[in-house]
Amino acid sequence: MLDVTAFGEALLRLSVPAGVRLDEAATLDVYSGGAEANVIAALARLGWRGGYVTALPDSATGRRALGGLRAAGADLSRILWRDSGRVGLYYVEHAAPPRGTAVIYDRRDSCAAQLAPADVDWDYLLGARLLHVTGITPALSESCRALTAEAITRARQKGIAVSFDVNYRVRLWTADAARQALWPLMRGVDVLFCKADDARLVFGLAGEPETVIAALAGQTGAPWVIMTRGEAGALAWDSGARALHRAEALPVAILDRIGAGDAFAAGVLHGWLHGADLPRCLRYGVTLAALKLSQYGDSVSTNRAELDSLVAGQGGALLR
Amino acid sequence: MLDVTAFGEALLRLSVPAGVRLDEAATLDVYSGGAEANVIAALARLGWRGGYVTALPDSATGRRALGGLRAAGADLSRILWRDSGRVGLYYVEHAAPPRGTAVIYDRRDSCAAQLAPADVDWDYLLGARLLHVTGITPALSESCRALTAEAITRARQKGIAVSFDVNYRVRLWTADAARQALWPLMRGVDVLFCKADDARLVFGLAGEPETVIAALAGQTGAPWVIMTRGEAGALAWDSGARALHRAEALPVAILDRIGAGDAFAAGVLHGWLHGADLPRCLRYGVTLAALKLSQYGDSVSTNRAELDSLVAGQGGALLR
Amino acid sequence: MLDVTAFGEALLRLSVPAGVRLDEAATLDVYSGGAEANVIAALARLGWRGGYVTALPDSATGRRALGGLRAAGADLSRILWRDSGRVGLYYVEHAAPPRGTAVIYDRRDSCAAQLAPADVDWDYLLGARLLHVTGITPALSESCRALTAEAITRARQKGIAVSFDVNYRVRLWTADAARQALWPLMRGVDVLFCKADDARLVFGLAGEPETVIAALAGQTGAPWVIMTRGEAGALAWDSGARALHRAEALPVAILDRIGAGDAFAAGVLHGWLHGADLPRCLRYGVTLAALKLSQYGDSVSTNRAELDSLVAGQGGALLR
Amino acid sequence: MLDVTAFGEALLRLSVPAGVRLDEAATLDVYSGGAEANVIAALARLGWRGGYVTALPDSATGRRALGGLRAAGADLSRILWRDSGRVGLYYVEHAAPPRGTAVIYDRRDSCAAQLAPADVDWDYLLGARLLHVTGITPALSESCRALTAEAITRARQKGIAVSFDVNYRVRLWTADAARQALWPLMRGVDVLFCKADDARLVFGLAGEPETVIAALAGQTGAPWVIMTRGEAGALAWDSGARALHRAEALPVAILDRIGAGDAFAAGVLHGWLHGADLPRCLRYGVTLAALKLSQYGDSVSTNRAELDSLVAGQGGALLR
Amino acid sequence: MLDVTAFGEALLRLSVPAGVRLDEAATLDVYSGGAEANVIAALARLGWRGGYVTALPDSATGRRALGGLRAAGADLSRILWRDSGRVGLYYVEHAAPPRGTAVIYDRRDSCAAQLAPADVDWDYLLGARLLHVTGITPALSESCRALTAEAITRARQKGIAVSFDVNYRVRLWTADAARQALWPLMRGVDVLFCKADDARLVFGLAGEPETVIAALAGQTGAPWVIMTRGEAGALAWDSGARALHRAEALPVAILDRIGAGDAFAAGVLHGWLHGADLPRCLRYGVTLAALKLSQYGDSVSTNRAELDSLVAGQGGALLR
Amino acid sequence: MLDVTAFGEALLRLSVPAGVRLDEAATLDVYSGGAEANVIAALARLGWRGGYVTALPDSATGRRALGGLRAAGADLSRILWRDSGRVGLYYVEHAAPPRGTAVIYDRRDSCAAQLAPADVDWDYLLGARLLHVTGITPALSESCRALTAEAITRARQKGIAVSFDVNYRVRLWTADAARQALWPLMRGVDVLFCKADDARLVFGLAGEPETVIAALAGQTGAPWVIMTRGEAGALAWDSGARALHRAEALPVAILDRIGAGDAFAAGVLHGWLHGADLPRCLRYGVTLAALKLSQYGDSVSTNRAELDSLVAGQGGALLR
């Protein structure tokens, strides 16, 4: 029995350090990526039994794409190894202002984009307390859209909680297409994550954060809605208690922006799995996000003792 | 006016050093690859004005794929920059015995694979004394096959010399498909390069090297046919003089096998551009191939003074 | 249910590359080590469910010492995490002749050296078809000696097969002490591994290899006795069939000597788990040993497809 | 026909990363340097045909000194390759406060310092719309001083526009010597660049920036005078319109200070070549300077699309 | 005749760069550490003849632990080389907020911890004008405590000045144990260094800095008492003149926190050896501390010319 | 009192690894070089008190050039630090066949080349049992030639033994110039080292090795003459005993050729300082040379225990 599962696309990330241009890079650092994989990896490092489903070619690059999950101790027994096909990959050029961090995707036609409902061992995927889903997978292909819909439907039928992170990707689909696909998927999920920017761009929800988050909760009926606002921190709406909670972003020297949203979601879900209340979940979220920003790689590397000490405010001193 | 031109697919090469498995690589070394590009880069480093045509996305990775040619000083004024699409890439795992060097291709649907005859500025491509063509490009797509055929036809019409390197790639097409596509292309080229292994696998020409090379010359009518045999050196047939020449492979400590065939071809063509006789061309070829094997990267890096001194047998001493 | 288990000391390995002296090293490469861990990691990479038991401090260095096993996908659910104590470590200075590779141990008083029979979850450790034991663990401490003895006794009582690798370490104990401790442990194991050098140094068995291996079989009653002889290959005695088998060492360019014996053992045990016959087991052994010598790190990194292709003699060609 | 040309000294730059002292460096990063070369490289990356003239030994280090220009695609067909002589080089120790970045020159008696008017192919150097000159070259030697004077005179005779960057180097000559040599050269140039510090140190022009820049314009008659003031931004005087323009420096996390002034000049000249007005030229200048500060190496690496998007204020967001 | 001597434990430091977790580190940077060694190394770099006494195994790691002192030119002629035993070591995980820099000690039972009074060549250790002692050595073992006491007693008998840096290490002993051991040692030293935090934690001296420092001076009778307060700068009490001096911390971009306190002490002692007055000594202290924070490694690397120029406020400009 | 002294030019060595061309190097490895410095460094590592005299600029690069000697523990108290001037440097491109290792000098007009007899503290330089001199120093300048002559003359007057290594450098002077300068210097030295190649090129002594070495002994009157013949080993002539001794070169995997001759000389002189007989001195020589070839850097890094064990033939086994 697992605690949490997810499915999606595992990616190779190839990145150049700050100060070097990708146009002229002589070496690239390799990391494992993929939004859902990042969440499962973080939760596995925090001691939860996490399972992950994707399709990959049975090759060295396919195996490399799972390195992060494997190092985290996630369960990979249901990976669908294909005889051929490609691994999605993306390039990252870390940048200091005035440039922003740049991402170049090369993920079309990956094995994962061909995932379809019939591929999945549903007993495995739904053999957990929580299923984590993102809005990236339905953007990959029609079969992935069908897979996402079926997973959410089956989870609700079976009484498995579902968390959903909107994660709009402008390079994968238009806001229109995303809106049409995502609204139905989001109805009735248990924990909903949405960036303030995505609420505006995809769902046309602008204005005061309180109004936006209430609208998201109203439209989806999600018991918990969490809205991240980058350096402005995060906001959470508890539909049952009709209560709004806030958490400030932690001060952090940013080394690598990629995966901070996934780390935030992992933090909230870590609290959820624990049975923590929403304010504590938010604190876990902003803490994991800050940790991620201070580390290279897509998935945050930490452990329960460190997280607890940071949440208790004891992180900064040099003890020896 | 250029000396030599070529067209084909420029690739990104990502490689791990000997002793590290790609499955677990933390960094990858980046090089520019592509068989025709390697030949043009080598010739440009030797002082010839070389032009190269391909299609690439107008992106950092697209620009990176040309890094080797740019550093060599080749003319890149006719690169076809596309608004979207991908750069073909491949992974290399250098290996020591008992493993062999492993290559994983990820080059499907690249911008280059969509090249077609109408894309090319023929005045540019045929504005040289020599056009270098390989059997890789027709393996990429039907439009690339058409492009290759048209280039050879137009070159012969215009009186431009054509060199052709068979370069069979088992991961791109079957031997049957290659044979059917390549025989017509090879008829009438001026310099033909073919590995002994390819002659057997693709054209079913086995037996004594002398017989095989004669058969290749007979079937294609090529004035010069050069057959490489790895560590067994190279063989060349001068159809006009009906003379067979041989060159031993140079002793070499191999660091990187990729591109040795291209370096060999560049050596022979360097001689051809000079007006050297076939035996001297062969010596240039085996010397450049050995140099390449002793260097990391796909295209051999040298200069005319070094090449001349090595061909003259003065390479090894440490002078100071 | 697992396929194979082991217990022992997981170590950090810190090494300098060939050509650099440890006295002046500016960086050290970090690997996970430990003879039993290496065997379990190799078998896990080959698809077997492997479990490993050790004691480590619950710290970053403790977690790092398991990195190799985690990346291989071994089961680490029964690691004994201690509140304090140290991780054993060792330094390696790879060397080219005339120097030999040098090892400096710093492993005294590690958490693992304090392991005792009462620490172990016996249902877990004996919940497999095969228990792998080495002669290093009894050299660590008296409690480790007791643990080793109890593990072998319990395994035989429960009908679990036991493999035993003598692995004499001159820096841990004298040959006398080793002989007295090891003879009783080796009686009745199912697969016995012993270097020819160890047979001579520890057990005083010198002379023709055939004689030595027969003496080992006679004294221990082990059904299979395998004697490795470095570059001279390996010898195996099948006590049931009273048959002697030999395997040549594969030609290999050595990059890293550490762990070759463990890779060899893993190869033989891979065959054993498969139900392969002894000659085939030997071939797996020499192949994994050669692979290991060509890779950096303590545990061999491969997969079933690669191993099968190498054993079938198809490893060396560059296919593309 | 080229767009812009320059001549000067191409240097090797050897640098240590922040946090490491040159006294104890184990490795040095290699870059190509030289003020004029940096400007030409930046303009070539922006799509202009740039030509560069210098003298270098025909050796590996000589070729390496041109690596930046070659990668940028500049025209190097008129480099004067010498049979002997040395490449100027300099060492950089990047530093964090309280230390400042340190530069150690080792450039005496380089091939470039021996350049003289008779060496130059004037048709080539003046075969462009713009000739860029700096006050470093006349500091190298008397023959270089003569060469600089002749180049400016000939350019004006031929109606080629001249840009001049004062670039006072205290380690090459005294302020007195610089003043005497530079005043005559600066008279009548079309675009004049001068640091506020140099105006004070070399020309004794202190006081309000507006006064200083007006004095520079008055003394030289230059239509455009641009004065950079480090973090205080830049000031430009349009002599024709008698108008003063200002541009703020962009906020930037500085990684490498070397070459920022050259990037600024390249930005202004990029605008000039385009026919942009002075305020837009200034914006190009401060943007390229900021980009340079965020990159390692002497010459700024960018392209027209990126520059346009940054000037349009769209640089910072992470799009994916 | 030496200028300054010290004794203590020389350590190996193994560290990972910012952004990488020690749990997953693939490489570690190696430095030499040890508080007293850092002070002697800094003073040796500033031109003083410094001698250092410790015990180390006669091995590559033992020699490596002295690399920093050797590079600094310290006298190492009285190192006690042991036939066996271990080198103390510690791991550092540099971190950006929200994590703090983490230190993991692995220094128990080192050769240095077994140092005792009888080991020392007292003529050598007391053959200098100044003996530097820290509160770390008495924390290592009882014999080290005895050694420290005897050294201070003998120094006072012989009229050698003693400086003492409290340097409380919570991971080595309790505050209670430290207080009992340290008070007697501190009585009568000539220069006393104590962090404000240590004054509170170990000696229960809280409140206004002026009160605390006066209490330290009162209890110990030390002519000079210097209290460091991290980013709040340093405070010094001149018991003879009954005068209080202050120095601000210099603004600095911190790269490596380890060793800043030792650099500070070295700065003050550099002034003392010169005969500088206390305010100037303080300035040397805060300058060396800031330099250290901007450099990787445990001991600050500088020279007299650089220090003088920084103290004179001329450090920041880029001169060329 | 020192054991051995030397004077000469300390150089910076910048090198690229095998497989990378200097033309395109992105990083260079930094080492300290200089033939006499290498000998002193090796002897200091073997426990001898070695002193070295040179002139260097008082700069970071000047200090870096002494890094190897400092790390070895040599006495550097008489280095002549200059206010200006340059450090000689050279580039090394390690190469695998067919290329040879390439060296590019950039050492003209260094501070060391301006050394003259009046610069030297003769009491220091001659305050040892042995003075080591090479034929490189007289090649640097006339003042260096005078210095060398005076040093040898004074040493003989004072009864200090002199060793002399011919070390002809074709890039510094002609064979004619070398012969005229070196013959007088070599007369009466105590230990003479000469490569067989140098004997032929410089002194015109060709033919059987026995004849050549006898001629060298006859012409110079040196008690010991040692002739190295690369892979053919070394030959030594004992003039007193009129005995010829030989030593084979040790089998070795060559990583870095530079400095092997200096390591050989250091080995012989290590024996001489010990009072070992000539055959044993030769064994030390070939052993140190082989060690050097297996290490990166100019001066061999070893210690007495390792050397003794290698000379005793116990080097190769991996003990643990």
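When the chains are written out, they are named A, B, C, D, E and F in that same order, and each has its own residue count from 1.
As a working rule, a residue touches a chain if its C-beta (ideal position, glycine included) is under 8 Å from a C-beta of that chain, and two chains touch if they have at least 3 such contacts.
Note that the structure is predicted; figures quoted are calculated from it, not measured.
Asker: If you average the CA coordinates per chain, which chain's centre is most distant from that of subunit C?
Answerer: If we average the C-alpha coordinates per chain, D ends up farthest from subunit C.
Asker: What is the Cα-based rotation angle between copies subunit A and subunit E, on a 0 to 180° scale and rounded to a multiple of 5?
Answerer: 120
Asker: Have a look at where subunit B meets subunit F and say same if over half of the interface residue numbers show up on both copies, different if under half do.
Answerer: Counting which numbers both chains contribute, under half are shared, so the two copies meet through different residues.
Asker: Mind checking the centre-to-centre distance between subunit E and subunit F? Centres are C-alpha means, answer in whole Å.
Answerer: Chain centres of subunit E and subunit F, defined by C-alpha means, are spaced 39 Å apart.
Asker: Counting in whole Å, what is the centre-to-centre distance of subunit A and subunit D, each centre being its mean C-alpha position?
Answerer: 46
Asker: Two or more other chains touching the same residue: where does that happen in subunit D?
Answerer: 21, 23-24, 26, 63, 67, 71, 102, 303
Asker: Going by the touch rule stated at the top, which chains touch which?
Answerer: A-B, A-C, A-D, A-E, B-C, B-D, B-F, C-E, C-F, D-E, D-F, E-F
Asker: Can you list the residues on subunit A that touch subunit C in the complex?
Answerer: Contact set of subunit A toward subunit C: 58, 63, 67, 70-71, 73, 76, 303, 305.
Asker: Which residues of subunit E touch subunit A once you look at their complex with the stated criterion?
Answerer: 18-21, 23-24, 90, 95-103, 105, 169-171, 257
Asker: List the residues on subunit A that touch subunit B in their complex, please.
Answerer: Subunit A residues touching subunit B: 14, 21-30, 59-61, 63-64, 67, 86-87, 89, 91, 93, 102, 104, 106, 108-109.
Asker: Using the touch rule from the top, collect the residues of subunit D that touch subunit A in their complex.
Answerer: Per the touch definition, subunit D meets subunit A at residues 71, 250-253, 255-256, 287, 290-291, 294-296, 301-303, 306, 310, 315-320.
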